[in-house]
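Below are structures written as structure tokens.
Look for chain A in each of the two complexes below; its partner is chain B in the first and chain C in the second.
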Partner chain A sequence: MKKLLLAFGMITVLFPACTKKDNGNNDNNDLNRKNMLSNYAENYVIPAYANMLGKLTELKTKTESFTATPNEANLDALQQSWREAYTIWQRTEMLEFDPAEDASLRMYMNIYPVSVTKVNSNIASGTYNLEAFGSTDVQGFPALDFLLNGLAATNADIVGFYITDPLAQNRKKYLQDVVNKMVEKTQTVNNAWASYKTTFTDRTGTDVNSSLSKMVNAYVLYYERYLRSGKIGLPAGAMTGNALPQLTEAYYTPSLSNELAKTALNAVSNFYEGKSYDGATDGAGIKDYLASIGTMDKDKLMSDIISDEMNEAITALNNLNTPIKEAVVNNRPAVLGLYDQLQDVVPLLKVDMVSAFGISITYVDNDGD
Partner chain B sequence: MTYNLKNIFSKSYLGKPVYSAALAFFRIVFGLMIFGGIVRFWLKGWIEELYIQPKFFFHYYGFEFIQPLGSYTYALFIVCGLSALMFALGLFYRIAALLLFLSFTYIELLDKTNYLNHYYFVSLVLFLMMWLPAHVNFSIDAWRKPSILKRQIPLWTVGSIRLMLGIVYCYAGLAKLNSDWLLEAMPLRLWLPAKNDMPIIGSLFNEVWVAYLFSWFGAIYDLTIAFFLLNKKTRPFAYVTVIVFHVMTSLLFPIGMFPYIMILATLIFFDSKSIDALFSGMKQRFSQLPIAASNTAFGFAPRSQKFLTVLFVCFFSFQLVFPWRYLLHKGELFWTEEGYRFSWRVMLMEKMGYAQFVVKDAATGKTVAVNNNDFLTKNQEKMMATQADFMLQYAHMLRDYFRQQGMKEPEVRATVYVTLNGRRSRLFADTTVNLAKEYDSFRNKNWILAYSDKIYGL
Partner chain C sequence: MQQKLLLAIGITATLFASCKKDDDNNPIIAQKVPYTSLTPTTSYFNTFRGADSNTTVDFSGQTTRISMLAEMDAYMKTGINSEVKAAQLKDMFVHQNSPFNAAALNAASDKTIASKTAASFSTVDANAERTRFNSWFDAIAGASLSNNQTAAMGNAGLLDGKYLVDAKGFEYGQFIQKGLMGAMMLDQISNVYLGNEKMSADNKAIVSGKNYTQMEHHWDEAYGYLTKNDYFPKKDRNDATKWLESYLGNYVRQVNGVYGDPAAVYMAFLKGRAAIVNSDMTTRNEQISIIRQSLEKAVATIGISYLNKTKTATSDGARFHSLSEGVGFIYSLRFAHDAKINKTLSDELLNMLMNKPNGFWDLTNADIDAVRNQIADALGINREAVVNH
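Then we have the complex of A and B:
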């Protein structure tokens, strides 16, 4: 008993000494995961899918006009609509958790490079199943890129593929089917979120099936695999040493690739900050949550360090003036420099942030490493 | 009673008779807990997930001969479960104890990804139990052959289980005497807010002082609880503390059966007389029960007495010394983890890593970036990304795999970032070292980069 008293005495003596160090800690409101989840659901995810669906519906209308009357004006309008929708998709793709994950949305929207051989054989045969395993690289925005921008060098010649070409009818149908599938899948996810919202905001834990865990894991996975690697690392051959420009996103529209990457990276940054989808308001985000936990490096909050590193990556991307597809061949050092900036963020998100959040990755027993 | 060392280690003290009911009770409880643990493991689908699905297993150094059994793993678990039941019932006790020790330990040695201190603890206790006369009271063996019924056994038998528990607690407490735990309240400071959605007390976990309180209480608890349990006066209070402490940890952390095992195992500290009284009460009501009623004492044959003395002295000397082996390694223990396992370092740090492996054929220059998910389960990847010996084994597996795939001279390099107790992640390993050519040993791994922070203490 004496020992116990002595020990508690020591605690009271030592406490003031320890607590002085805790700057940045303890804005308890920001540690409320329900608030944060509500902010993400209401102000980002739900508006994101609504907007995405709007853009795709427009794309569908433009596709119908073009297939009904294939001409250059309609193709122009359709290409424009495709560019807009593809750009908006960059702000949506990182949300591949829960309803979007259930629907495997990304698989129907943006797996590239498109397999031209498979697309052409689908068009030629007229029989295909877009839901089938192994069909991910014959549809979505990349397939549309090929069908709308990649068939020939000029729009006049592209239109020819939809009028005079022996397979014009099949091609029109294929184009329409791909767009319809994108609308259908996005519709599913959009509808699901309406009823899913409460489930999402109620799962406030940090276990493997909690909303925070699912959201953060999807977000980090997206950043690492689909943004860093997909958009820059793989075309540049950052890890393998061989540039592979054919892996570039929007390969047939090189002028768009950099824009897509910029939009995606800005979306990743805004999402981290907890900004609303329209950018108008700044709500409770994972950055604020991390700041409240208060992990630091050299008197600087880790949450701020992550912001800084993201901003550096954004600057590096903005400074890349040549299309990615060309830059990976002609200006590889610049692209690799950009890749390094993007890479610097990966351990910060995947390791520092997730570790501070105390998120579990499995249900298996663990006695703390 | 005075506890002075000379008395404690004297023959007359260690050989002093205590009631065998205490050890028999422990046997029943411990066996049933293991049986429950095996059933739980099976029902959760973990046999499949942890021992059948993985394509690759991380062996313990020196135990490479322990091979996965594929679908026969189920048979192994059946053997383990059945022997746990036989152990609890005291049916063919010696054989059951041996089988249980071997099957349980085999399972644990299959993949070090699943290393848990409490599994190690169970293996050690089972090893001790193999040699102890835990079946001379309230067992089916005694019902079949009443002549083995003995009401008393030497104190050292029960004492060795107490000592084992005492070592676990004390060493776990000593391990907490470091600057991160005591002065920074790490890692509880990260783990507690993650539970702030718990009903009623959840909001307390946002408070930093609560993390300090839990850290200090945890350290003091671990260091002192065995002594408070030994002392008759403080025992009831101490046992209530045991229950509260372990129930709390089970609510907060995913540590499975461990809290319950400890709550029940610490009953061994209670006076053997009280458990004997409990047994006698049952005997009075059900006279058929194989419970020792007359005052008979179990005695070891002189030869086995000698053998066991040597064995147990060696065993406990090893237990006392082995956790300190980290002192022979240079570098920060929490960073390198050289000498970290098998030392009762429980819930001591929050560590997470990220490991990107790249394999290059030195002959052709062909380079492949490895997707860890192609080879490892999530849990294996998590463990691999922070622990050097895992990285080496993984690198060797990748070397062999890519050689099979046609590479002539595969070189394996890794970029690994690790965060420790909330500090900013930094490079863990030398990115230029070809891990295919490095080998595991008890020596320092020179390719682990030095940690620039110092964690003071044990």
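Then we have the complex of A and C:
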């Protein structure tokens, strides 16, 4: 046996050019990647931004109605539209690569917690620049959450902030500016994809600027930092030991937080499987590509292991019946258990999958040097 | 008659010369160090040996200065927990009052970072750059007084608990560290040691008490600012995920794939050094060009990459850290040889990033893109370049 191995080793040494034989295989991988990229662009990304833009356009209409006629009925309608758009955003946020990355879309949509002090000071002064890096925590869905749900305990009192309050005019303008910025940025990304699609599907390599590398990096980054940590880990204080409920997504609408997290996790799972945005069809996904490479752990395909772990995390999240904001205080062990389930997926994506793909994680921005 | 004969010889010589083509540069004298013997892992030290059969390579002065920078860097990093004193940094910069922890560094009394900062510039311009570093020392010291607070627009302090920034979000530790990679390392390599003056040094006589010629030594001093290792880039034998490079060399190392080839930089150093041994100045000069261009492109690519990384940054801290690193490298670009982003342009770009009332807090993606595009286009680098750091 040893001799055989030795002989094999020698042959390998003697014929280093053997690696070239892989060419045929590489062509296949290129083809697989091209199919996968086309599936993602056509069946997920492009419909996702179109739908997002539609929801935000509705939100804009409802905002205009409310600021024109601030009353409880219009506030109800606006709150409802906000909830729908925020939920749809959960299926979009993981797509922060290429056009969305260029536009830093997330920065205008969902950086939380909102800085109430800064929002109030912006409203009071009437001067602000929502484009600037210093404005990431004063806009997007979290700022709307505060402006639509967090100003007072009842809708009747909230409406008062838009009628009788001395800053009512400024506040209405701010509300509109925030919504307009969200529409503007999403419009930019949506438009860009129309012409970007070909670039995306043609970049079939595995180098740092390949579509696979960019998409997977954005996806894993989202899962790790924004889903696992942002939605669960940070409010639960998984790293710090102290619960910080004020970091919960949709802080002023606790009944929504869990829904958002569930939608996000399901979206991550569907995206992995290669499902279309509407969920109707199952195309060539990351999972299929990983399966075609054939990476195994023990006797099981890595691609299946990842699905199983994601499903376990989905079950754990579904089992969390109290709002996250309360659960991190009253039932912290359960939330930490959920965090562990979410965490189990991270090394599988970030190490096993990424190395099977022959790409690398590029987003280590905390290099500390 | 004689004239005709001479003419005939001349024509013959010309004919022969034109037949020889590339061999022009490598006259009949045998190459003492054959270029074909050099590979990306050839030992720089072992390849070049003197009559005494010991290596002729010696660049302890460079390693000493890099160690001084490392101590300065480590001291600045304490600013997140304790006060950083500007006087201490200035002492380290000009080497006075025994400022270093390592006794060997304090003992190297003739070595300073300051004297090798912007050294290729005119005295007036060099002085301006040293003054800039002094003002950055004051600024990091000032920011460190707020290290018990969270930074925000208009307030110095810590971001993400680990990045010390001033009221404008500037992380001076990065400006200084990355800035010195340009002002000291890049400048010393590209302009000073590979510059005309040092490269016109004697290459025949052995320096008294040494085993190398003066020109050989200058070349090695350039190499010593890139790496202290026997080849470049070098991995840690005990941990294949780690590299043994630091500062400029460690960033040049990262710029690979479509954006550059660190091994090509090393090959140019090796081949150029061999050319000096071979007294083959044409080949040497070709390698100088390769080194200068590769280093400029590497620094620019890293700068662009950091600007692009602000877009995937997941917090203000990460964003401003990335921006601060980018600023340091954009500053450094002025120290490339015949720099495409020269002092004037580099200052303009820095102003675009730093001159708003609230500094980084007021910047937008459009501001970042404008700076990035200018650098990328000037050097022919992909605007979207992202390097694995």
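Rule of thumb we're sticking to: the second predicted complex is superposed on the first by the 328 of 369 C-alpha atoms of A that agree within 3 Å, B and C clash if a C-alpha of one lies under 4 Å from a C-alpha of the other, contacts with A are read in each partner's own complex, and residues count from 1 in each chain.
In this text, a contact is a pair of C-beta atoms (placed from the backbone, for glycine too) under 8 Å apart; a residue touches a chain by one contact, two chains touch by 3 or more.
This is a predicted model, so every value here is computed, not measured.
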- State whether A:S360 touches chain B only (first), chain C only (second), both chains, or neither. both
- Message: Quick check on the superposed pair: does A:S38 touch chain B, chain C, both, or neither? Answer first, second, both or neither.
- Response: neither
- Task: May I ask you to decide whether A:Q176 touches chain B, chain C, both, or neither, giving the answer as first, second, both or neither?
- Result: neither
- Does the superposition put A:I305 against chain B (first), chain C (second), both, or neither? first
- Tell me which partner A:K350 touches in the superposition: chain B (first), chain C (second), both or neither. first
- Task: Would you sort A:T322 into first (chain B), second (chain C), both or neither based on which partner it touches?
- Result: neither
- Note on the structure: In this superposition, the partner of chain A with more touched residues, chain B or chain C, is B
- Item | Which of chain B and chain C A:N209 touches, first, second, both or neither | second
- Message: Between chain B and chain C, whom does A:M239 touch in the aligned arrangement: first, second, both, or neither?
- Response: first
- Applying the touch criterion given at the start, work out whether A:I293 contacts chain B, chain C, both or neither, answering first, second, both or neither. first
- If you lay the two complexes on top of each other, which residues of chain A touch chain B in one and chain C in the other? 207, 360, 362-369
- Query: Okay, in this complex, where on chain B does chain A touch?
  - Reply: 44, 46, 49-50, 114, 116-118, 182-185, 187, 189-191, 193-197, 203, 206-209, 212-213, 216, 220, 224, 234, 253-258, 346-354, 356, 358, 365, 367-369, 378-379, 382, 386, 417-419, 422-425
- Which part of chain C faces chain A closely enough to touch in the complex? 153, 160, 162, 169, 177, 257-258, 309-314, 316, 318-322, 358, 360-366, 382, 384-389
- Within their complex, chain A touches chain B through residues 1, 3-4, 7, 10-11, 14-15, 18-19, 21-22, 25-26, 28, 31-34, 204-207, 239-242, 292-293, 295-297, 302, 305, 346-348, 350-352, 354-369
- Given the complex, residues on chain A that touch chain C span 96, 101-104, 129, 131-134, 136, 207-209, 217-218, 221, 225-226, 360, 362-369
